[in-house]
Structure formats: C-alpha cells, structure tokens
Amino acid sequence: MLKILKYSYYDLIRSRWSYVYFLFYLALGFVLLFLNNDLSKAVITLMNVIIVLVPLIGTIFGVMYFYNSKEFTELLLAQPLKRSSIFLGQYFGVAGSLTLSLILGLGIPFTLYGLFKSNAIWDFSLLLATGAFLTLIFTALAFNIAISNENRIKGFGYAVLLWLFLAVVYDGLFLMSLIVFEEYPLDSYSLLATMLNPIDLSRTLILLKLDISALLGYTGAVFKQFFGTDAGLMVSVAMLSMWTVLPLWRLAYKSKHKDF
Amino acid sequence: MMVKCHSLSLLVMLLLGNAVWGSILEVCPSCSIKSIKEAVAAASDFDTILIKKGVYKEFNILLNKPLTLLGEGLPLIDGEDQGEVITITADQVTVDGLKIINVGTSYTTDFAAIRVIKSKDFLIQNMVLEKLFFGIYLEKAQNGRIYHNQIFGDAEEEFNSGNGIHLWYCQNIEVDRNMVQKVRDGIYLEFSDNINIKNNISTNNVRYGLHFMFSNNDVYENNTFENNGSGVAVMFSKKIKMRNNNFRKNWGTNSYGLLLKEINDAEIFGNVFEENSVGITIEGSNRLQYDNNDFINNGWAVKVKGACYENVFRNNNFLYNSFDLSYNSKLNDNIFDHNFWSGYTGYDLDKNGIGDVPYRPVKLFSYIVNRTPETIILLRSLFMDIIDFSEKVSPIFTPDQLFDASPLMKRFK
Amino acid sequence: MILIENLHKKFGKNEVLSGVDLEIKGGGIFAILGPNGSGKTTLIKSILGMVIPNKGAILVDGKSIRKNWKYRQHIDYLPQIANFPGNLRVKELIRMIQDLRQKPSEADQLIGFFDLKPFLDKKLGTLSGGTKQKVNIVLTFMFDSPLIILDEPTNGLDPASLLRLKELILVEKNKGKTFLITSHIMQFVEEMADEIVYLLEGKIYFRGTKEALMARTGQSDFEHAIAAIATTPADA
C-alpha cells in the first residue's frame, strides 16, 4: 500500500491541480493577513473557508482523481497487489497531497506574519487539524461515491449533492426541526444531530475555541457539560475519526467486490 | 512597604483634620496591654493603638470613640468564628494594617470582619480579610474611605456567603484600590448615593463583582471585574457613571459583563467588555449614553430585553462578537451611530471614514436563538450565513429601523 | 496452467459468461475470439482477478485465484487502453512497475528494441497513442512470466513496431511461454495463433487449431472462417 501511496502522491504532487489548490490557500492566507493584519480575525474568516471549501474541494478532487486514474488502477489491478491496498494507497495519496497543500498553503503566510509569537497558534492549529480531518473524510466519501458509480457524470452529481446536503441542507433541516420541536428539551438531540454531520462537528469543534462565551450563554445542562469541558473536544475528535474510518472501511470492502 | 503605609496613614490622618494629636498605646503579646479590647478601653479620644505583630484571638471589638487602630507587621486577629470582629460606632476612626480571619457565619445576623455603624469620616485601609462572612459592612455611614484592602473569601454558594464590601444607606464613600475575591458580591451598594468606586479588582465572586440597588449619583471607574457570576449589576438606580472599567470573562448561563435593569440617565464611557457571555444586558433602561466602549469577543455584545428607550450608542467598537446585538422586540427607539463593527462589509467610496451603506447589527440568527436557544449550535454555519444574508437584504423578523447609518470604517480610538 | 470450470458472470441482468469451461495447458499462443460483447475481455479479466465471477472456479497453476493476489506475480498483462497517470514520466512508470513487482526485468533491452529512448523523460500525458502502446508493451514484456495476456496488442502500432511485436511474441513463445491474445485483426491472429478459442453468447463455441476451424466451416480463408463459424451449427 505504501508504494501505491507513494506513486499516487508523487503523481498528484506534480499535477497542476494540487498547485492550484496550494496557491489558492497561499493567496488566501496572504490576502487575509494583508487586509487586516489581525491573526484572530483571519482565523475566524478562515474557519468559514475551511468549513465550506475544504469539503467541497476534497469531494470534487477525490471523485475526479478516482475517475481519471481508472486506467492506472486497471494497470495496478493486473499487478500482484492486494486490491484494498491499491485503493487505500490512492486514497491516502490524494488526501495526503490535499492536506499538505492546505497546511503549507495556510501555514506559510501565517508563519511569516508571526504566528508562533501569537496567541492564535492554538486556534490556528485546531483549524488546520480540522481542515485535515475534513479533507480525509470528504475524500473518503468521494472515493466511495466514485467506486459505486461507473458513470462519471452521475458520480460527480452525487458528490456535489453530498457536499450540498452536508454543508447547507442538513443545517436547514436541523434548524427547522429545532424550531418545530422547540417545546421539547432538545439539548441531546441537537448535540447528536451535530455529531452526525462532519461539517457541523468540525464547526462545533472550532466554536469551542472561538465562540465559547456565546455557547456558554445557553442554559442546557448537556450543552454545558459538552462545551464546558475537554470532553467536548475528545468526543468530537473521536467522531471525526469515526467519520474517516467508516468510509474507508466501506471503500476497502467495496474494492474487494468490484469488477473492473 | 509597611513604613510607606505608615507614613501614608499618618498623612491621611492629618488630612482628615485630626487636630487633636493623641498618645500611642502599644499592644503586643508581651506588652502590658495584651489585647486590643483592653487597649480600646484604656484609650482616650484620638489616641493611636499600635498593634504589634502577633495573633490576637478576639471578637466583638467595639470602637466607640475616635481612635486609630494601627497594625505593625500585619498582626492577625482571629475571630474564631464567634461573630463580628470590629464594630465602629464613633466618628473619625481609622483602622489600618490588620489581618482578620475567621468571622462567624450566621443565617440570621450578617457578621462582618469590620462593621461601621452610623459613623462619619472613617478610614479603613491596608486590611487583609480572610475566611469571612461579610468583609467590610458600612451601615448608614458617611464620608469614609475604604482603601487598599484585600478581601479573600471562600464562597461557593450564594445563600451562605456574604459580600466583600457592603454599603447600606451610605453617603460620600470612596472605595479605592481594593481587591475582592470569592465572596457573594464583591462590592454591594443599597440605598447609597454619591459613592465613588475606583481602581478596584473584583474577581471570582459567586454572584456579582459589583452590585447596585436603589443607589443614585454614584461613579465607578477604572475597576476590573473578571470571572464573576456576572460582572456588574446596576438595578433600580439613577445617574450612575460607569467609566473605563474592564469587564472580562463573565461566562455562563445568564451571565453578563454588565446588567442594567430599570436604570435611567446613566453614562457608560470607555469601558472594555471582553469575552463575556453577554457584554451588556439592558432591561427597562432609558436615556443611557454609551460612548467609546469596546466590545471584544463576547457571545452577545449587547442584549436588549424589554422596553428600553432613548439609549444612544456612539463611537463604540464592536469587535468579533458572536452576535453584536439582540433584540426581543421589533420596536426600536435607540440610536446606533458612528460605531465600528468588525462584521461590517460595506465600502467607503467617498473616503470620509464612514461606510456608505448602513450596518444592521441585529442578525436573523440572533432572533432565532432568542426563540429557540438550542439553535446556537448552528452558529457560523453556511446555512445561517445564507439566511442572515437574505434577512439583511430585506428585513422581515428583525427591527427594520435598527441600523447604524454611519458605521465607522476604522476602529474608534 | 489455467483451468476454468463452469464460469458464470452477470453484469446486472446481462449474462456475459454462462458456464465457461476451459483448460489451457502450458506453451503456445491462444487467440480468444468472438463477436463484440461475447465476453472475451470479461474472461481475461476473470483470469486476472479484476472481474469477480458469480459462479465457477478459476485455477492458475492448480491454485484457486479467489482471495489470492500473489499468483499475478506470474502473469503479464497488456491492457486494452493504454492510459497511464499523465504526470509520470515514462522512466518513472517503468521504474514504478519494477518497484511494485520486485522481479528482474529486461526493460532496457525492450526500450532499445522499440526505440523508446527519446521518450523516457517525457510525461505520459504528452505521448501519442502508438507510443503509449509501445510503453505498454515494454511494461508487459519486461518480466519473465510464464503466462502473458494481451488485450488488443496491435492497437495504434505502426507497421514497423507491429513487426517487432510479432518477433517478440515468437521469441517468448519459443521459450515455452503461454499467450492469451484477443485481437480484431484476423491477419495477426492467423499469423500468430496456435489455437483458437471462440466465444459465443457466454460459452466456448469452438476450440481448436486454425486448420480444424477451417475444416469445420468449410472455408479456405481464415477471416471468412471466423466470420462463418457463428452460423455453423456446433455439431457440424
């Protein structure tokens, strides 16, 4: 698997797209810092970017890479290699290069602007860690979609729909359900609903750092327990790991039963 | 340090116009006078009782004549939980440089480390009070000064704890440079007018850092209120001036930096509200001036509940609050003008430093959170951004008259 | 060498292989022929483990290939569409396959043979179809495996390269290797194949030498014989 990872990564690291992705983050970082020079505010703006854009790029890029490397995959399949290592290797190649683009692209400008001397370093590290998780999760979901759909157009469609659903529609439904059932205690429900969507979960994880004062203003005991302690952080990280591992597991399973 | 305090206290005594210069009685475990009570009994008016370093197990020390109680090397008075420690009933009393511990706790009587009853021209300074119920309790007192005391309580619950500095029916008192921690209310005022509270640090208190009830014409400035149940509550009071205070990290359910409830004609200038669940909660308060305050990283910078009229917010900085403003009604009679809002995304084509499009500080989301508090979990989600944007374009739920027509482009300095 | 028993494969409702039995003993060139959609590629891919059969067994060298991937160490495969990761250079691709297989290879010799030297530093994405096919051939032949599977090997090749390919196949055959080849170019098949396996409607319709095929169809021309076989009754 490590060999496949190496070659997929090697291939990607030299593709135009990972440069575009890298340069995009680099430019974003510099522009943000140039415009307001305030690390903490830039971190807030970045959060929005990471929550929305990273999943989108992870999804699109994952699907694209999977379909584009179909022939390469077939070449590998004829080699004496285990199937699951072929796909997991490719997956880690893609997810790894995306994550690297993200971390370097944002890390360089922020480091140049004195990140290490600033209090924002923890917020920023959390942001990057969350971004990395989201990349892993959404690339894995994208691979799942692609491996289950031979038709590229369909695959792309589903991938974009998945992103749209998790990034926007889910929250809309969530909000409506909260308002409709506002008479009932909703603490546990809303925490659970948050856990079930990796984007919401990542957002909450960052909120724990950025908007803790607002979150602690709310009365619910469950909320308080969750946000007031490190338990919230730990549960969130555990859930994000689940979100990464489950699609990978399905990917490995699907790959063993698929015809090429 | 002590030498400096002594010279300072002597100076203060002179300033107080203590014309008659009394003699000095020394108290120490090996002196002829071994207890403070003995010394008080032996002293005549305007004498100074010099208490040497040592431990004095005494309570109910009544100062009923104009005396100066001066500690040397911070002598310790242990009340052994028996009741009140020092009670002052005479005018022109000074208490300086003592440490008092173990004040009695009672559910029927408010025992204090030092109680002042109906006296005038007193000075209480350089005291250290620990293991206490009430700290310094002023009752119908006038023209006194509470200066540079340290009060460290160990309060956990509201119902069985007392206040650090408590003023009841007082006039013209100055409360300066005190440090109050872990009591119920750091500083409490009830029916007290013309009080000046400055340079105090009130932290980790169970209820409020500073609490006003039915008190008028008071000033508090340059104080720091941090990590209290809530920072400061000003209730049923008039003409309070609040200047250059720091309200920080008052976190929690119904927690706020500053609560303004049924108060009128106050001035709130130059304060900093940082990292509070709510910066200011305003309820039924009218004709207040908010100028040049900084609201930084609060959950809500300002929460307006109930009817509030003719409040003016000008030249304030609203920086990175989760919500700038929350209203629970569609009515608005308050003015927001020339503030800096970090959430402002408008432009300034004529370069006059004022944004060309108005800023609407009330977000639809803040309205939704008011209705269904659980929705707070959707804070900063893309969906909320989208509906906030649509509300911004055409306000339906939020007060449409509420906007800052001249938002500043740069932070007000 | 290869033993296939009662092989079935469906793609959705479409039954592609319906009970294929085939035994191929070592040595010689076997052409797998059949009309479009008759299951040639599916059969090849089943042997390679790329398609997972619904029913039946495939044994390579006496071992079942189910849940087994190591047997592929002894198979070289030339895929039909030679499309490689566009960002890799030719040299890197060759090195990568060598790296993956960990077997001795004769890449340099083959590169010389197919005049690929000038392209070694080019990215695969910039190569023409014919050059890619040559790279593909190099990748396939550079290892010394007893079984070689070629799916449309002549695609995109210029006449000179085609001649070299034929030469290469014959050289390897003479070493005692087994070839499975599919091709639409009947001239190529006629020239190279020792035995014909003709698939029709998911079954082996005919298996035998070229001479047997022509005798059975009564045609004197190989191409016509192939075209005619589907209409000739099996028991004729």
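Letters are used for the chains, namely A, B and C, taken in the order the chains are written, and counting of residues starts over at 1 for each.
Criterion: a residue touches a chain if its C-beta (ideal position, glycine included) is under 8 Å from a C-beta of that chain, and two chains touch if they have at least 3 such contacts.
Because the structure is predicted, anything quoted here is derived from the model rather than measured.
Engineer: If every step must land on a chain the current one touches, say how few steps get you from subunit A to subunit C.
Structural biologist: Steps on the shortest route: 1.
Engineer: Tell me which chain's centre, taken as the mean of its C-alpha atoms, is farthest from subunit B.
Structural biologist: Max centre-to-centre separation from subunit B belongs to C.
Engineer: Max contacts between which two chains?
Structural biologist: If you count contacting C-beta pairs, the leading pair is A-B.
Engineer: Distance between subunit A and subunit B based on Cα centroids, please, to the nearest Å.
Structural biologist: Each chain reduced to its C-alpha mean, subunit A and subunit B end up 46 Å apart.
Engineer: Give, as an integer number of Å, the spacing between the C-alpha centres of subunit C and subunit B.
Structural biologist: 88
Engineer: Subunit A touches which residues of subunit B in the complex?
Structural biologist: Result: residues 251-255, 275-278, 297-300, 320, 322-323, 342, 368, 371-386 of subunit B touch subunit A.
Engineer: In the complex formed with subunit B, which residues of subunit A make contact?
Structural biologist: For subunit A paired with subunit B, touching residues are 40-41, 44, 47-48, 51-52, 167-169, 171-172, 174-175, 178-179, 182, 186-187, 189-191, 194, 199-200, 203-204, 207, 210-220, 223-224.
Engineer: Can you name the residues of subunit C that touch subunit A in the complex?
Structural biologist: Going by the criterion above, the answer is residues 9, 11, 45, 48-52, 69-73, 75, 77, 79, 81-88, 92, 96-97, 99-101, 139.
Engineer: What part of subunit A is in contact with subunit C in the complex they form?
Structural biologist: Touching subunit C from subunit A are residues 3, 7, 10-12, 14-15, 69-72, 74-83, 257-260.
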